Amino acid sequence: MNLRRIGISLIAPGIGLIVSLAATAVILTVIGASVSTVFASMWNYGTSPRAMSLMLNLATIYFLSALAVSIGFKMNLFNIGVNGQYVLGALAGAVVASNLTLPKTASVTVTIIVAMFVGAVWAGISAWLKVARGVSEVISTIMLNFIAIGIISYIIVRTSIGTETSLNIRGTKPIPETGMLRGSAFIDSGTPIYGFFFISIIIGVGYWFLLNRTRFGFDLRATGKSATAARTSGVQSNRMIYVTMLLSGAVAGLVGLPYLLGDTGSYTLQFPTDWGFIGIAIALLGRNNPLGIALGAILWAFLDISSGQLVLEGVPREISTIMQGLIVIVVVISYEVVRRYQVKSEQTNVAKALAKQEASV
Amino acid sequence: MTYLKSRRFIGAAFTAITMLSITRTITGNGDLTSTVTIAQALVFASPIALAGLAGIWAERAGVINIGLEGMMILGTFGAGWAGWQWGVWAGVLAGVIFGAIGGLLLAVAAVTFGVDQIIAGTAINLLALGLTKFLAILLFTNAPGGGQAQSPPIKGEIPTFTFNSLVEPLSSLHEKGIFFVSDFAGILAGLFYNMSLLTIITFLLFAITSYLLWKTAFGLRLRSAGENPWAADSLGVKVVQFKYAAVVFSGMLAGLGGAYLSIASTIYRNGNTAGRGYIGLATMIFGDWRPGGTAAGAMMFGYIDTLRLIDTGNQNVKGLILLGAVILFAIGALMLRRARRNSAIGFLLLGSVMIGAYFSATSFPPEVAQVAPYITTLLVLATASQNLRPPAADGIPYRKGDHH
Amino acid sequence: GSSGETAESAEPTAPTSSVKVGMAYDQDGKGDGSFNDAAFAGLSKAQTELGVEIKEVNSGSSATDATREELLTLLADGGYNPVIAVGFAYSTALAAVAPKYPETTFAIVDSVVDSANVGSLVFAAEQGSYLTGVIAATASKSGVIGFIGGMEIDLIKAFEAGYIEGAKSVNPDIKIESKYMGAAGDNTAWNVPEKAKTATDGMIANGADVVYAAAGGSGLGMFQSVKAAADGGATVWAIGVDSDQYTVPALAEYKDIILTSMLKRVDVAVFDVIKAVVDGAPLVGVQNFDLSKDGVGYATSNSAVSEFAAAADAAAEKIKSGEVVVGTTVQ
Amino acid sequence: MSQSSLAVELNGIWKRFPGVIANSDINLKVASGTVHAIVGENGAGKSTLMKILYGMQKADEGTISINGTDLVFNSPSDAIDAGIGMVHQHFMLADNFTVLENIVLGSEPKNGMRLDFTKARKQISDIAAENGLAIDPDILVSELGVGDRQRIEILKVLYRGAKILILDEPTAVLVPHEVDELFNTLRDLKKEGLTVIFISHKLDEVLSIADEITVIRQGTTVGSVNPHTQTVSARDLAEMMVGNELPTPEAVGDTIQDEVVLKVENLSVFAKGGKAIVDDISFQIRAGEIVGIAGVEGNGQAEILDALMGIESATGRVQFKDEDITNKSTRHRRELGIGFIPEDRHRQALMLDAPLWENRMLGHQTRTPNANGIWLTPRSAKADTKRIVAEYDVRTPSIDVLASALSGGNQQKLIVGREMSGEPKLLIAAHPTRGVDVGAQAAIWDHIRNARQAGLAVLLVSADLDELIGLSDNIKVLLRGKFVADADPATVTPQELGTAMTGAGEAA
């Protein structure tokens, strides 16, 4: 039974992958590139130690972002605002960390707490708007993303928090080495794997436990499956919205930290601002399941990283963006088709099994 | 009904002009109601308004369209490409067609396969972004004047109209600085100054939408798909067909909005929608899923953007702050009269804060104006959400015969 | 990855060289009609004149320091030498990569990376802008001129500062209107010509008759606005930036209103870097491309500018001699 | 009447859904100009048959002939064209539309492209006047009550010129005088030559209005009776429906203890507009006592239950044992030992796409065997689910199947088993045996009785009057949100109770 379920749950991503590979092959043929060479070189490069290290690092970021999104998705809350939450969280973390003179563990812990807190507060605004004022979180989080960008540039450009970190780059003052969490280089000797890689594994496991092994997780899933039934079962929906949104925002607050503490050491205006949207895509691919999300994040990162090699081959790197887009759309459609098929076949199976039982009695 | 509506419209316009006029008088800043400001605001507002209108079509038929951004991106690309190849009108057409393809994709995913509409829309946004970037590289890199992130210039121009016989006297009346009268004149003149044919088309599309959706049998059926598709089905309305039509048309409108953008900049550039699809969606909610309110919301975005950009001596943002305060006070007073004390106090307090800011600072950083429309949207939704009336079956996947 | 990609190698008739040049653009890469294209111009000049083999890559829209680092590494590993990073965004990445490839020469545009094998190509944009400021103030009849900036960052503010200082050196009472298309961090700032058009419209409505834009892709809007005003009978001028925009094919229709352009000779710098490697004497250390090195300047391809050239050239001399020191921040 | 021509003739209709055969070989003849009733248990296949006749669903096999012509319906439009109209069991109205818009939708009068509102308004008021169905066409449906909505549904059908009218349980939601009005309308329509097909569970009503009654059992027609020519009682019909003697829950000895478990004082629930749906009611239940609420659906039962569970906000005071729980959360109430079987199992009691064992935790997720502190204990929850499946005879191959795969009756058994777990002190139950087959019904009754013996207090809402009388120690009759009468189950008959429920007793 369970093997069958796992098998079924792999059908949709499988279809997504195949369709997008096929479509990519067509595109490559049209632009006159050799399909086998391109795929082979993507694969060869993508599985080289250095690329794998980079991939895991990027996947760490994507994983956290997708996890933040999926906490909301689990109860049908669409937190489109991970972007705004993580940029503000990372900025706050950078400001605090650069002013701390604590031992590493303490400094990193404080940074994490601050970033999570800020992310949660920003998400909390949407929760309040939804509960108290009935504003859809989809719209409010989008608006708050735009507002967050405005706040960031105000702080970095117009307050003393922003300094010129290197010629022509403005950002927060560099974080001292004691505040960084660079990680260790165990796959490729030159490229450390972010310390956050391990933290995010812990968070992923924690997420799974929270959802599947705690009362809170049950309440959350129940609300997602049937808000009315959950309410009848004693779940307070308003409180759930607050808690879930705050939790989602707190995890979102972490999204920028692997890069901040593992790489840049400063929140600059070069800091990427669209990891939240990537998180949405990966949460969809991974069906809000931490293992699925991890695989999705690695796939996404693989396409991102190996496309760097493609440019050298004269193939536009954006081919990977198309693959990603196609995978997402095909996968969401196939998930739905598979789900329906599953429900139907289960109903039929149950009826059949019962008919047999009755006959044998 | 019509009589009531037009009276409400006139009332709203009157109030808006009065508040603008008060602000203009206190600040002495003629830009606030000048002809150029209004004419420009219309240009900025139009693509957003088209996106909002696109949202109305889809959501009135019960399909949430968060893929507007993606369809708009497709539109900007289509217009840039075809406009470069065959001229500006081909660009308009291609923008519409590309948008329609995005709409069709949403319809297939959300209507036929019943995928969660927000998820399907998000996926379309991702796909559109990747696809256009890729195609830009393929098609534009070696074209003269193009590059991997932008198309060569679009050939030809959309005609624009200025009714000088109207604009000149009105503009000079505007210069006189008479309370209300001058402001009204400036605003009115803005509607006849440098009006692009595409803006006129946008106006027409709003009028046509109001008529089609609310005055015809076609519109009633389309809206029934968003209110209670099961009831509609039971009366023989072809719900799925209507949903398809609405979502594809929604894609066309969003594509047109994208084309408008590309044509206004004479080229396609990666990223030049700058989130306007999402903003369009917000104006639609802001406008209670109706054309009038949506247009007003889009105009607010266009107006604030314009004031920020044509700012002389950093006074316009200040003016906006005061305008905000005036509006908050007006709402506060209204609430007081309706005996909603808590809300009233909130508004009056916020208004006072803004007045304080206005008088204590000599100028404001541009970030204030940058975020103002988003904050305004949130404020409007926070105060009005309870009174908004989204289509009852908006966002609910419809399958024939699934209803209990 | 050694699949025979020779599509972009030099033409048979041109001189050939064994030097392979790797060029890394940021984000979406060339095609912006100014900065990145100027770098490309230097590269293609080297390709035709020196016969070098070239390879161009771009970092993509959600690039991080790590992925930029990887791009540079791939180029260095692929035997490309020199490797040129276009844009200050590469500074951190380059600082990490360069020491690992001591045999390779690197260069970076608009930033300083402190490593023995890196040439840091910085430009005195404020000096060039000073000259356009002088030209603008001399050409202006109304005593009002305008400046359109892209993203409000220090790099662009230096353009504004030089422009203002130059203009004031001619006419201390001149009124200068400045507008940025987006705040720092707002990546759309370079892609909104329609906003630049509005801003320019506003400036012209307020009397400005010369406008200078340093706004990447948004600069197009300034040309449109000025052209529209000129078509309406006004005497107004636009000043371009980075490349000589008078000669850019995509801007051909705006030719007659482009008085001059502030030249930021990224093309020269890039060519110099490549040539130095070909010649076996790599350019490393901070290379300040200022007026005295002809790294910045103003374009004279529109003959209309000759009327104001005297004033500009005089100012240039003063800067070269050190009599005038142009600041990089707006006073 | 038997000579008159046939308006509708259905032959050999089959309809299969995954796991169920809704219609198996149905044959139905409806004479034109008559009111023809169809009765049958929940799930017998009545609505399915009518949807087939109305073109909303396609039969797998069988033929439809209307006025003697064989027709194939691919969509409701085809049926509408054939002069058939249907008023659905669940109203099919768009709340945000006006009455007019709801009525003309799909067959709008047009003036060019424009919807001709003036013409529509006139047509509607003409039809309304002819049939005594007065209503303001420009009002929003969301502002109307059930009676008006029903009228709109009928107007919708008449507006389309239907000659054959299908009414699926039209009276379920109506108060008695509205039922009378409806029947008057139907009689008028019959006089004008219309044919009415009428579905109802209220057999007395059926007997009073129908010219012919067809009984459906488990998807098949089991017979027809003509109440004008044959003497049939409601009980006869019921036995035809069920197929054997009706089991009657017998009242067994008095188990009422002294302790008051639930005390309700002045409970009121208000609708959005401020109208009281539950109007100042007070009552109490002792340990070991079952208090039944009798009433026509829609008179405030659901609201009372929701208010007692803390799901709906209410005024008044609710006391559980010694604790004032008026302002306590639903969860707190559940943890005190209040079990709840809601009316709408799909919406309120189940997560359809979760496995049975997770459904077993629902509502009990804070207590053993499902949780220990903040941690869930899936292993013991699964073990306990198996217990429920065995004890309550839930027919399922495994506890890992999704709840949606079970038949409604089996879903109900799981819910009852769940709510009876953990030794509740008070059970609040709506229709605990609805949709449950006869054998399981008896088992559920036994479970409830045994628990009562052990001191369980029960508040029972049921549409099944025999169940109510058989189980309750005390019956209260609810009408328009108020208790209008008390009945002693030892002496009251279903007929008397029915009369009281409809308010007919008020006058007496």
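Note that the chains take the letters A, B, C and D in the order they are written out, and that residue 1 is the start of every chain.
Note that in this section a residue touches a chain if its C-beta (ideal position, glycine included) is under 8 Å from a C-beta of that chain, and two chains touch if they have at least 3 such contacts.
What you are looking at is a predicted structure, and each value in this text was computed from that prediction instead of being measured.
Taken together, subunit C and subunit D share the touching chains A, B. Between A-D and B-D, more C-beta contact pairs join the chains of A-D.
Greatest centre-to-centre distance from subunit C is found for D, with centres as Cα means.
Chain geometry summary: the mean Cα position of subunit A and that of subunit D are 45 Å apart. Subunit B and subunit D, compared by their mean Cα positions, are separated by 46 Å. With centres set at the average Cα position, the gap from subunit A to subunit B is 31 Å.
The geometric centre of subunit B is 35 Å away from that of subunit C, both derived from CA atoms. Of all residues in subunit C, those touching 2 or more other chains are 58, 61, 152, 183, 186-187, listed in ascending order. Under the contact definition stated at the top, not a single residue of subunit D touches 2 or more other chains. Annotation for subunit B: residues touching 2 or more other chains are 133, 148, 275, 367, 370.
Taken pair by pair, the chains that touch are A-B, A-C, A-D, B-C, B-D. For subunit A in complex with subunit D, the residues that touch the partner chain are 1, 212-219, 221-222, 225-226, 228-236, 343-344, 346-351, 353-354, 357. Listed in rising order, the residues of subunit D touching subunit A in the complex are 18-20, 309, 311, 329-335, 340, 342, 347-354, 358, 361-366, 371, 374-376, 378, 395-398, 400-402, 404-406. On the subunit D side of its complex with subunit B, the touching residues are 51, 54, 56-57, 75-77, 80, 86, 88, 90, 92-97, 101-102, 104-108, 110, 113-115, 156, 346. In the complex of the two chains, the subunit A residues touching subunit C come out as 34, 37, 41, 44-45, 50-51, 54, 57-58, 149-150, 152-154, 156-157, 164, 166-170, 190, 259, 263-264, 269-270, 272-275, 278, 304-305, 307-309, 311-314, 317-318. Subunit A meets subunit B in the complex at residues 27, 31, 78, 80, 129, 133-136, 138-140, 142-144, 146-147, 150-151, 153-154, 158, 277, 280-281, 284, 316, 318-319, 321-326, 328-329, 332-333, 335-337, 340.
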